[in-house]
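Some structures are shown below for you to check.
Two complexes are shown next, each including chain A; its partner changes from chain B in the first to chain C in the second.
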Partner chain A sequence: MTIGEWATGLRYRYVPDHVVGEVLGRKWVDNVVPITLLAAVVIYLTATIPNFISLGNLSDISRQIGEFGLIVIGMTVVMIAGGIDLSVGSNFALANVTALALLNVARWPVAASVVATLGVGALAGLVNGLLIGFLKLRAFLTTLVILTLVRAIVEFLLQIYSVRIASSDVEAPAWDFLGAGSVLGAPVSVIALAAVALAAQVALTRLRIGWRIMAVGGSRRAAYNAGIPVPATVCLTYVVSGVLTSLAGVLYAARLSGAGPDTGLGLELNVVTAALLGGNSVGGGRGSVGKALMGAVIVSLLTNGLVRLGLESGASSMVVGLVLLFAIGIDVRWSKWRHRLRAKVYVSPAYLKLPPAPKFIAGASSPYAINDRLRDVEIIGMKEVDGPEDVILDEDGHLYCGVRHGEIVRFLAPDHVRREVYAHVGGRPLGMAFDRAGALVVCIAGMGLYRVDRDRKAQKLTAETNRSPLSIIDDSRMRLADDLDIAPDGKIYFSEATVRYGFEEWVVDALEGRGNGRIICYDPATSSTRTVLRNLLFANGVCVAHDNKSVLFAETWGCRVSRYWLEGPKAGRVEPVISDLPGYPDNINRGSGGAYWVALAGTRTPSYDLAMTMPGFRRRMARRVAADEWLFPNVNIGCVVHFDESGEILETLWDAEGENHPAITSMREHRGYLYLGGVTNNRIGRLKLADADPNWTGPRSYWGATP
Partner chain B sequence: MFGRIKSALVSQERIVLVTAVILFCVFSLFLKGFLSAANLLTLVRSVSVLGVLGVAMAIVVIGRGVDLAIVATYAMSAAWTLRLATQGVAIGPALLLGLALAVAVGLINGLLIAFAEIPALFATLGMAAFVYGFVRFALVPLVVVYMPANAASISWIGGGFVAGVPTPILLFALVAFLGHAFLAFTKAGRFIYAMGDNFAAARNSGAPVRGLIVLQYALSAAIAYVAGIITATAVSSVNTNVVNSSLIYDVILVVVLGGIGLSGGRGGIRNVLVGTLLIGILLNGMTIMNIQYTLQNVIRSLILLSAIVLDSLVNPRDEQTEQQGDI
Partner chain C sequence: MKPLTRALDRWFGRGDFSVTVPPMDGAFRPNDRLDAAAIALEIPAPDALAVTSRGLLVSSGARLINLRTPSDGAFEFEAEITALTGLPDGGAAAALSDGRIVFTDGRTIPAHREISCITALAPAPDGALFVANGSSAFPPAEWTRDLMAGKPTGSVWRLDSATGRATQLAGALAYPQGLLDEGDALVVAESWRSALTRITPGAAKRPEIVLDNLPAYPGRLSRATDGAVWLALFAPRSQIVEFVLKEGGFRARMIREIEPDAWVAPSLRSGRSPLEPIQQGGVRQLGVLKPWSPSRSCGLVARLDAEYRPLSSFHSRANGRRHGVTSCIAQGGSVFFTAKGDGVVASFSEWGATP
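Right, the complex of A and B next:
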């Protein structure tokens, strides 16, 4: 090994390139920009304005943030559903004048005034909602018109009431408490904001109505086609915005007790800016209460700071306009570039140096020399099965296989001509095994571990394991459960090929060559799932050894078979069984006479082996070349390898022409015959074995003579 | 369904025209002094600036955009021109600088929309706030800018008469004519229709859509500047607070009321004329009837609302064809 290779190996082992793509895939990465901005604004303002963080100023600002934040949350709810509510500026003023007129002029009690004002806000929101939700008007212009209409109404009301509001004063402790009181040191408006934020967060993320709002914003058409009442949902968001805005108006009225013509003037611009700046998306589907709060705090601090800096009247408008353009620019670019960027950097190849491949050309002296023993197999289910990744036989000789349509198909004994759908499980059924009760346990890609009992009822065993502490993608979810086997105590050991890709992208994992796979153990006694081994190179075949003391497993891209000890002095340790296969091992299964079978889905090639030692080359390829032009492992020729407990190769069966079985992913021995399956094949093969025990069956090998 | 009301007989333009004629007849019969020649000239004159802004907005709306920065451009560029004249700059260069400011705003709008792909509503809304704030902050520190004596040579623009007709009316006619010629007879004008009708198709068939977007916002800003100068010379001052007034909604009202669909590709300058006339008649009538200004505002908003509702009924949107994120 040269120093260069050694350095490459170190660099790809310790620099976690894959993290970048994974971080870009997480939702919380949206918040990076607003958080940075918030920090910058706070640092700048505290540095330039003396006493900016003084207590008096803080409590003053926090009251304003409380009111402002309520409106921003309302706006966020509207924006998540794909709309916008510009009428908030006037609705705020309307609530202000309504509350004061009811309290000071009409002499209503405080509670009644507040409730009535909220009702007026709801009504204004309802008008918006009816027009936009049910009449399908454009949100922007409609709410703009409502803005002027309500503003005109406010001016009209002010003409009548402003003098009377100013000249009368109400003695109501509850009202003063709303405006100036605090609970445990926090102003009332902040308490209100916290309560509303909590309620909105729960509603948006945990309740049906919130999911509907998200769905409508995410894809209006899909939501409509899924039967969600889109008009009513949209309408509701405007009512929420109206109510929250009027609540803010009430708090404002209680704080200042003044009704002037410029109340709430231009407020809508600040609110929209705050909502966008926090990271809520125009057009809906992306947004949260947390983002709203962040945006509200930034904009409040900014406008407040500008006032305290003593800048001219135009400065505030200029900065808000600029920040709005900046925020929307970020939003547009970010939502457009994020997925593209992630797609570019997600694939992150690692350094993988395989041991030299044994020679397997015809006539070579190695046990792997190519022969044509699989050429004349009997064919079962020709063109009747699509991709039987695994095949298995029960004690009665019925043949089962999973097919691409999410079904488990059964060919009936003895001649395997009649075919029936044994069970429909959905997903992509891969590895299978019979448990002690005769039920079929299946690994299903994208779904997890399932059990189909003898009444053909499918039931989920597990789809979740313990999450590793530092993982960025959620690796508790199972993406690609691959093969399994069952120990005598009922524990199910199964492999997950990779945590970074789904079934359709298995070949991209080959390109990475990082250990993304794992072995997981499910214990039916306690219904618990835990990860046993991590960082395996596409963990694939799993087979409990004949003596039940260890588990054999195959790592496809590592071209090796290893043993994981369950008991004995080496319990918990892993040791190699075959470390230099000439191809990519898939399923491993027991055979008669204490031997095992392992399928090779394809063969190693010098070029691919070389590429695996050049991660930089593969990364450039993944970024610059279209995916269908990428380097692909050779899976056009497959074979079956027969080996014993010590890893000694007994024989190798090839299909040199690749006519019947271009790739072999699975094989089962049953009463002197070997049955062959392949994930891309359209047939199952059956081969008479010359010197196999004609009475040996899989279920009996595991569970004894009695079924 | 209302969606079927698309035939020429009941187009929105025709409804508005008929309404305008009926209102005109009713006001003529029942309002004293409405039909006098002096009042009619006042009527048209009072809405001619609105009409010029309407032409500017129409060009943008037909190309499936909207320019909410139009009033800010209109007021602030004219205000800067007067401010420059006050500071001793000759009137010619002052006019050119003001025009340059307006066109710069239009160009930035167009660049933000065409290249940064920011939705037009937000780009122009943000620009409106920015332009107002920037000019007030850096160029014109006053709320109201008065016309200085050395600018008297251009006072004919807004205050003159030609053959007894006030020049604003003639300028409105001129701008309308040029706008119509641009939209109807030039290649760029036809492309703007194509773009408004089906943006993707226009782009795919090779129309230079990004350049066209920049062009239409620059044009709209330049026309807004003309309107600004007419106002400035007519009343010898510019009140920058007009940016915060409801003028922008009146401009949209004129365009939508006249029957230029907000979804673009439909209508022409004729619709602006019809919309402007109806607003003129209404405002004039309400003023003669001595309706309070605040109540007039309520009425105008209600009319705008019904115009938008009518627009959406005549050009309906539905869940299956709607563009996601099109607000």
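Right, the complex of A and C next:
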């Protein structure tokens, strides 16, 4: 091994490239931009303004943030549903003057004034909502008009009441508490914001109404087709925005007790900036309360900091405007970039150096030498089955196989000519095994582990396992359950080939060559599922050993068969059984005489072995070459290997031309015959074995004479 | 700006540096006409064809066989025949892998030091021979090595058959493998450039490209009596091979560590050995290998007009049985071709070829 190769090995072992693609696939990655921005703003302001982080300043800012944040949450709710509410600036002013007028001029009690003000806010929101939701007017123009109209009303009210508001001296401790009080050091407005944020978060993510709002924003037409009352939902979001804006107005009124013509002037721009900057989409369907809060904090800090930096008010607006432009740009570009980038970097090949391949060309002296023993097999179900990945026979000699249409097809004994659909299970049925009761347990790619009882009723056993603590993608859900076997105590050991790809993309997993697979154990006694082994190179065949003390499993890309000890001194340990297969092992099954069979889906080729040690080459190949042109293991050849308990090779059967059985993925011995299945094939093969026990059957080997 | 964007393109493998192959379309639209051709002779690795006054000759290894009387036995040389041409006097000349050129009338031109990889011969009007020397580094049998080495070291020579004097007409050619005399100029099929180039001996002009962007590697050329040109294309270009050609590191290790038969390289017949590379689309599905699946070998003969514009083509696709066509020649209304990869000499009607 050269130094360069050694370095490549280290590099790909310790730098987890695959994490980048997985992170980009998560929803929370959207928050990276606002968090970075927030950190940058805080660092910059702390560094340039003395005492920016002082207690007095913070409490001052936090009161503003409390009020501002409420409006931003309202705006976010509107934006998630696909709208925009520009009228918040004058609604805020209206709430301010209403609250003050009711309290100081009309001398209403505090509670009544607050409730009435919220009612006025709701009314303003309702006007928006009715126009936009039910009359289908444009949100932008409508709220712009309402902004102007309400501003006119505010000015009208100010003409009447401003002097009387200013000259009154109502004593109301509750009112002063709203404006200046705090609970446990937190200002009232912050408490209000926290409460509203919590409620909004729960409503948006957990309640029906929140899902409806999300759905309407994501796609109006789809939401309508799904039966969601789109106009009412849209209308509601404006009411929410109106109420939250007026709540902010009340708090503002309580804090400053002043009504002037410039209250809330230009507020809508700051609110929209904050909502967008947090990562909420202006197009709808994407957004959260957390994003709204982040945006609110960033914009508040920024405006506050700019004032303290001594910028002219024009310059300050300009900065906010520029930040808004930036936010709009990010909003449009980010989701596109993210998906494009993810598509480019998700496939991340790893370094995989296999041991030298044994010589297996025809005439070689190894036990793997190619022969033509599988050329003259009897054919069952020619062109009647599409991809029998696994085949299995019951005690009566009926032959079962899972096919691509999501069905389990049964060929009836004794001649396997008549065929019936035994059960329709959906998904892509792969490995199968009979349990003690004679029910068929099936691994179904895309669905999990299922059981088809003798009444042909399918029932889910498990589709979820414990999540790995540090995994970024959610690996609790099974994507590619592959093969299984059942221990005498009823525990089902099954393999999941890869956690990163589904069945249709298994070839991409071949290209990656990383240990993405695992062995999972399902215990029917407790209905619990747990992952037993991780980081396997495409975990595939699983077979409980004849003495029931261990489980044999195949790792396809690793070209090896290993043993996992269930009991005895080595319990819980893994040791190799065959580590130099000439090809890619698939299912493993028991045979007569204490032996086993393993199917090789294809042979190793020198060029592919070389490519597996050059991850950069494979990564570029994945990006620049069409998938159909990718290098691939040679699966146009079929092979079955017979081995004993110690891993000694007894014999190897090949279909060198791949005429009948390329890519053999499973085989079962039954009463002196070997049955062959292939995931890309349209037939099942049957071969007479010369020296096999003519009475041996699989079910009897597992469960004794009477099932 | 241009150098910078080019460097970026090179890094990302896009623009001029993207891995693309011309599609089999237009005159090259696929069909199965080579598979439908009538078998004339089945012999191992038939390579070159030549029209003589006594009939059509075909080379197979070191043997030379007359297609009219194949049962009469073959003439056997001491070394493999690498090129063959009919002469105006009705005879033929054969180049051997040891560098000698042997005439049917018994004359021999001894090997020339600089001409060690003769891939094509063509008679010059004055009795001399034009000789295509595919590579200065490798013999004809190691043509994949020359492709993977990536350096154009081929040349075209004029060999005086009387004196044995050799004059180089052009150098730095990317594996010239076909020759066609135009009187004052010479058209050469440059395999690794996927192009036909025109060389004008004596003129200071640089070689001029007459046809490029071929979807397969061009081999030997011949002209029919009606002026049409028949071109044998011995292996398809494929995206994976073009990609490997851009991947210096992988290529170097492949050349160093792997047997040539198992290389990611074009081939005259692929799919014979379990050690050969295979591509994802080349997987047999439900017992069928799709004809459009990517393959490192194919059979392809193209008919060009007198201006070297492709008119029509004859294919044996991925699932076909006439792969690796190294030469084709029109005679008596039929076009004979050698499918070297599959050991078949076959013929189809020249007239059926008119589009």
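To be clear about the criterion, the second predicted complex is superposed on the first by the 691 of 707 C-alpha atoms of A that agree within 3 Å, B and C clash if a C-alpha of one lies under 4 Å from a C-alpha of the other, contacts with A are read in each partner's own complex, and residues count from 1 in each chain.
By definition in this document, a contact is a pair of C-beta atoms (placed from the backbone, for glycine too) under 8 Å apart; a residue touches a chain by one contact, two chains touch by 3 or more.
All of these numbers come straight from a predicted model, not from anything done at the bench.
Once both complexes are superposed on chain A, the partners chain B and chain C fit side by side without clashing. Contact with neither chain B nor chain C is seen for A:A186 once the two complexes are overlaid on the shared chain. Of the two partner chains, chain B is the only one touched by A:A139; chain C is not. Taking Cα centres throughout, chain A sits at the apex of an angle toward chain B and chain C that amounts to 90 degrees, reported as a multiple of 10. Set against each other, chain B and chain C touch different numbers of residues in chain A, with B touching more. Applying the stated contact rule after C-alpha superposition, one finds that A:L126 touches neither chain B nor chain C.
After overlaying the two complexes on the shared chain, residue contacts for A:I370 are found with chain C alone; chain B is out of touch. Judged by the touch definition given at the top, the superposed model places A:I328 against chain B, while chain C stays out of reach.
When the two structures are aligned on the shared chain, A:T680 is found in touch with chain C, with no touch to chain B. Of the two partner chains placed by superposition, A:V574 touches none, neither chain B nor chain C. Once the two complexes are laid over each other on the shared chain, residue contacts for A:A611 go to chain C alone; chain B is not touched. Of all Cα pairs spanning chain B and chain C in the superposition, the closest are 19 Å apart.
Common to the chain B and chain C contact sets on chain A is no residue at all.
On the side of chain C, the complex with chain A involves touching residues 13, 18-19, 238-240, 243, 247, 249-250, 253-254, 257-259, 262-264, 271, 273-287, 289, 293-294. Residue ranges on chain A touching chain C, taken from their complex, read 360-361, 370, 383, 386-387, 507, 603, 605-608, 610-611, 614, 616-617, 620-621, 623-637, 656, 658, 660, 662-663, 680-683. Of all residues in chain B, only 66, 112, 116-119, 121-123, 125-138, 141, 244, 246, 249, 252, 262, 292, 294-295, 297-298, 300-302, 304-305, 308-309, 312-313, 316-320, 322, 324-327 touch chain A in the complex they form. Against chain B, the residues of chain A that register as touching in their complex are 82-84, 131, 135-142, 144-146, 148-149, 151-153, 155-156, 159, 219-221, 224, 230, 265-266, 269, 272, 276, 282-284, 311-322, 324-325, 328-329, 332-333, 336.
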